[in-house]
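Common to both upcoming complexes is subunit A, partnered first by subunit B, then by subunit C.
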Partner chain A sequence: MNFASEKRAIIIAGLGIGMLAALLVLAGNPANMGFCIACFIRDTVGGLGLHRAGAVQYIRPEIIGLLLGSFILSLIRHEHAAKGGSSPLTRFVLGFFVMIGCLMFLGCPFRMILRLAGGDWNALFGLAGFAAGIGIGVIFLRRGYSLKRTYALTKLEGAVMPAIQIVLLVLLLAAPAFIFFTKAGGGPGAQHAAVFVSLGAGLLVGALAQYTRLCMVGGIRDFILFHETKLLMGFAAIFVAALLVNVAAGNFHPGFAGQPVAHTDGLWNFLGMWLAGLGCVLLGGCPLRQLIMAGEGNTDSVITVLGLACGAAFAHNFALAASGAGPSDNGKVGVMVGIIVVLIIAAVNTFRSQKA
Partner chain B sequence: MMLDARGYSCPEPVIMLKKAMESPETEYEMMVDNRASLENVTRFAKHNGYEVEAKQKGDDYALRIFRK
Partner chain C sequence: MYYIATFYSHFGAIRFKKEASDGIMAPCLMPVPRRLSSSCGTCVRFEGPADFTFTQDDSGEVEQIVRETDTGYMCIYTTQE
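Let's look at the complex of A and B:
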C-alpha cells in the first residue's frame, strides 16, 4: 500500500467509524457513547456481576464485535499470529490503571472524541491531559523504554479470547438469571441499540480498525515522535463524521454543564486522561487498539484487556469511578496512586533497558 | 548495520531505526515479524529519503533500507 492510499483508507475508515458511532446513539446507545471501550468493558464486567453498580450492567455486543471483527479480518489477511510474553503482568497493571483514569474522565480516548463531537467541552480538558500524558510517555520511549519482546505461542492461545467472546454472546442472548441487566430507566446500562445492530457495528469497526491500525494514542504519539500524521488523520476523521451526524440529528449541544455521562471538574478530567494517555503509550496503544490486537492473537493485549476489566470492577466496588456529580474522593486517590505506579513502571523499564 | 526488531511492536521498531540512523551508516538490514511494523518502518524510512526493499522470510520480513 502506498502512502496516499494508506491515508485515504484511514480517512474513509475514520469517517465511517465516526458516523456509525453517532448512529448507534440514535439506535439507543447512551448520548456521546456510540462507542466507549472503557465504559463498555465496565458494563460487561457489571453484566457478569463482577461489580454491582446497578446502573452500568450490560454485556455490550460492541466489544464482542470489535474483537471478532479484528479476529476474522486478521485471519483472512494472514495477519493472525498467536504471540505474547512481553511483560504480561506489568501490562495487566497498566491496563488496570488506564481504566481508573478513564473512569475518572468517564470515557476512553475514543469516547473523548465522541464527546467533543457532541459539544461536550469538558472533554477539552481530557484531550489536553491525554496529549500531555502521551508527551511524557514519548520522553520515556525516546530514552529506551521497552517491555521487551514477544514470542510465538501455540495457535490455541490466539483463539482463546475470540472463543470467550462467543461465550459472552451466548450469555447475552440466553440471559440466564445470574447475568445482570440494568433495569429500564436505571442508567446508561439500560440504554443500548438492538443486540445485532451493536454486534454488526462492532464487527465492522473492528475490521476497519484492524485494516487501518487505527489508534487514538498512536495518532498523537507518532506525531510527536516522528511527525507522522497517518493515525492522527483517522482520529480527526472520526471527529468530523460524528460531529456532522450529531448536528444533523440535533444531538450537538455545546457547553460544559449538563453534558450526558460527564462531569465538569476540569482538573480531574485532565488528570484522568493524563493517566490514561501515559498508560496507553507504555502499553503501545489505546483500549480500542488493545481489543484489535487481542483479536489478532496478541495475548499481551488480552492480558491488558483483562487488566482493564479488573480495573473497572475495582473502580465500582471501591467507589473510584466518577459520576455526573463529579469525581469521588476515593477516585482522586485512585488516580494519584495510578500516576505514581505508572511512572514507576515507566522509569524502571527505561532505566533497566539502558543498563542492559 | 543489522537491526533485529522481531518480537517488538510499534513504535519500537521505528524508534530502533531512527536511533540507528543517527550513525554515519547509509545502509541497514532489519528483521520484523509483523506487517504493521513492516508498513511503519517502510513509511518512516521513505519519509527520511531512504529506499526500502522487503522480502518475506517464513513468518518474518527482511528489509534492506538504503540511500539511492
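Let's look at the complex of A and C:
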C-alpha cells in the first residue's frame, strides 16, 4: 500500500466509521455518542461496580468489539505480536490523567468529532485545547522525549486482554446480580443499541482502525511534524460522514446551550482536552488507538487502557467528572494536578533521553 | 537505492537522522508506511549504496532497516530481542 492508497483507505474507513457512529445513535446510543472510548470505558467500569455513579453503568459491547476486531484482523494479517515493557507504570499514570481530562470535557477525541458533527460548538474549545496539547507534546518529542523501547513477550501476554473481553461479553449477556446496569431512563448508561448491533459495529470499526492505523492524535501530530495529512483526512472523513447522517436524521442541532452530555464552560473544555492531547502524544496514540494496539498484543497499551479505566473509576468515585451542569471543583483540581504530573513526566523523559 | 529505518521512539529517528553514518544520504523523517508496520511511529527514509549494510546499533533505538524494492521491502537489519 503506497501513500496514495493509504490515504484513500483511511478516507473510506473514516467515512464508514463516521456513518456507523451516527447510526449507533439512531439505534439507541446517547446523542453525539455513537462511539466514545472514554465514556464507554467509564460505563464498563461502572458496570463492573468499580464506581457507583448509577447513571453510567453498562458494559459497552463497542469496547469489546473494538479490541476483538483489532485482535482478529491483526491475527489474519500476521501482525499480532505480544510486546511491552516500555515504561508501563508511567503509561498507566498518563492513561489515568488522559481519562481525567476527557471526563472534564465529557468525551474522548473521537466523541469530540462526533459532538462537532452534531452541532455542539462547545467541542470547538475542546478541539482547540486538544490541538494545543498535541503541539506542546510535539515540542517534547522533537527534544528527545521517549518512554524507551518495547520488548517481545510470550504469546500468552498478547492473548490475555482479548480473553478478558470475552469474559466481559459473557458477563454482559449473563447479567449476574453483581453486574450493574443503569435503570431505564436513569442516564446515558441506559441508552444503548442492541448488544449485537453494538458488538458488530465495534468489531467493524476495530478492524478498520487496525487496518488504517486511524488515530485522532496522530492526525494532528503528523501534520505538525511532517505536514502529513493522511491521518488528518480520516479525522475529517469521520466528521463529514457523521454530519451528513445527523443532518439527514434530524440530529444536527447547532449551538452551545442544551447540548447532550456536554457543558458550556469553554475554559475547562479547553483545559480538559489540552491535558488529553498532551497525554496522548506522550502515549503515542489516542484512547481508540490504545484499544487497537492492545488488540494487536501491545501490553503497554493494555496498561494504558487499565490506567484509563482506573481514572474513570476515580473520576466518578471522587466527583472529578464534569456533568451537563459544568465542571466540579474536584474536577478542576484533578485537571490541574494532571497537567502538572503530565508535564513532569514529559520533562523527565525528555531530559533523560538527552543525557543518554 | 532507497532504505527505510524504523525505530522504537521518535527520538531514535531524530538521532539517527542527525548522526547519520557514512553511506547514508539525504535522510528524511516521515511516518512509517502502513505496508511496513502496523505501528504509527516515525521512520527515516534515506539513499544509500546497493551494498549498504548496518550491523551495529549503538543507540539501541533502531528496530529494523529495509531496502525498497519493486515489489515491497527487503529487510537488511532487524534488532535482536
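Convention: the second predicted complex is superposed on the first by the 356 of 356 C-alpha atoms of A that agree within 3 Å, B and C clash if a C-alpha of one lies under 4 Å from a C-alpha of the other, contacts with A are read in each partner's own complex, and residues count from 1 in each chain.
Assume contacts are C-beta pairs under 8 Å (C-beta built on N, C-alpha and C of every residue); 3 or more make two chains touch, one makes a residue touch a chain.
None of these values were measured; they are calculated from a predicted model.
J.: Tell me which partner touches more residues of subunit A in the superposed arrangement, subunit B or subunit C.
T.: Looking at subunit A, the partner in contact with more of its residues is C.
J.: By the touch definition at the top of the document, which applies to A:228: first (subunit B), second (subunit C), both, or neither?
T.: Both partners, subunit B and subunit C.
J.: Is A:212 contacted by the first partner subunit B, the second partner subunit C, both or neither?
T.: second
J.: Give one of first, second, both or neither to describe whether A:42 is in contact with subunit B, with subunit C, with both, or with none.
T.: Once the two structures are laid over each other on A, A:42 reaches no partner at all.
J.: Where does A:151 make contact in the superposed view: on subunit B (first), on subunit C (second), on both, or on neither?
T.: A:151 contacts both subunit B and subunit C.
J.: Have a look at where A:316 lands relative to subunit B and subunit C in the superposition and call it first, second, both or neither.
T.: In the superposition, A:316 contacts neither subunit B nor subunit C.
J.: Taking the two structures together, which residues of subunit A meet both subunit B and subunit C?
T.: 1, 3, 6, 77, 79, 86, 141-142, 146, 148-152, 213, 218, 222, 225-226, 228, 230, 284
J.: If you look only at subunit A, which of its residues touch subunit C in the complex?
T.: 1-3, 6, 9, 74, 77, 79, 86, 141-142, 144-152, 210, 212-213, 215, 218, 222, 225-226, 228, 230-231, 284-285, 289, 296, 353
J.: Can you list the residues on subunit A that touch subunit B in the complex?
T.: For this pair, the touching residues of subunit A are 1, 3, 6, 77, 79, 81, 83, 86, 141-142, 146, 148-152, 213, 218, 221-222, 225-226, 228, 230, 284, 293, 298.
J.: Using the touch rule from the top, collect the residues of subunit B that touch subunit A in their complex.
T.: So the residues of subunit B touching subunit A come out as 6-12, 14-15, 18, 33-36, 39, 43-44, 46-47, 59.
J.: Quick check: in the complex, which residue numbers of subunit C touch subunit A?
T.: It comes out as residues 8-12, 14, 29-31, 33-35, 38-42, 60-61, 63, 81.
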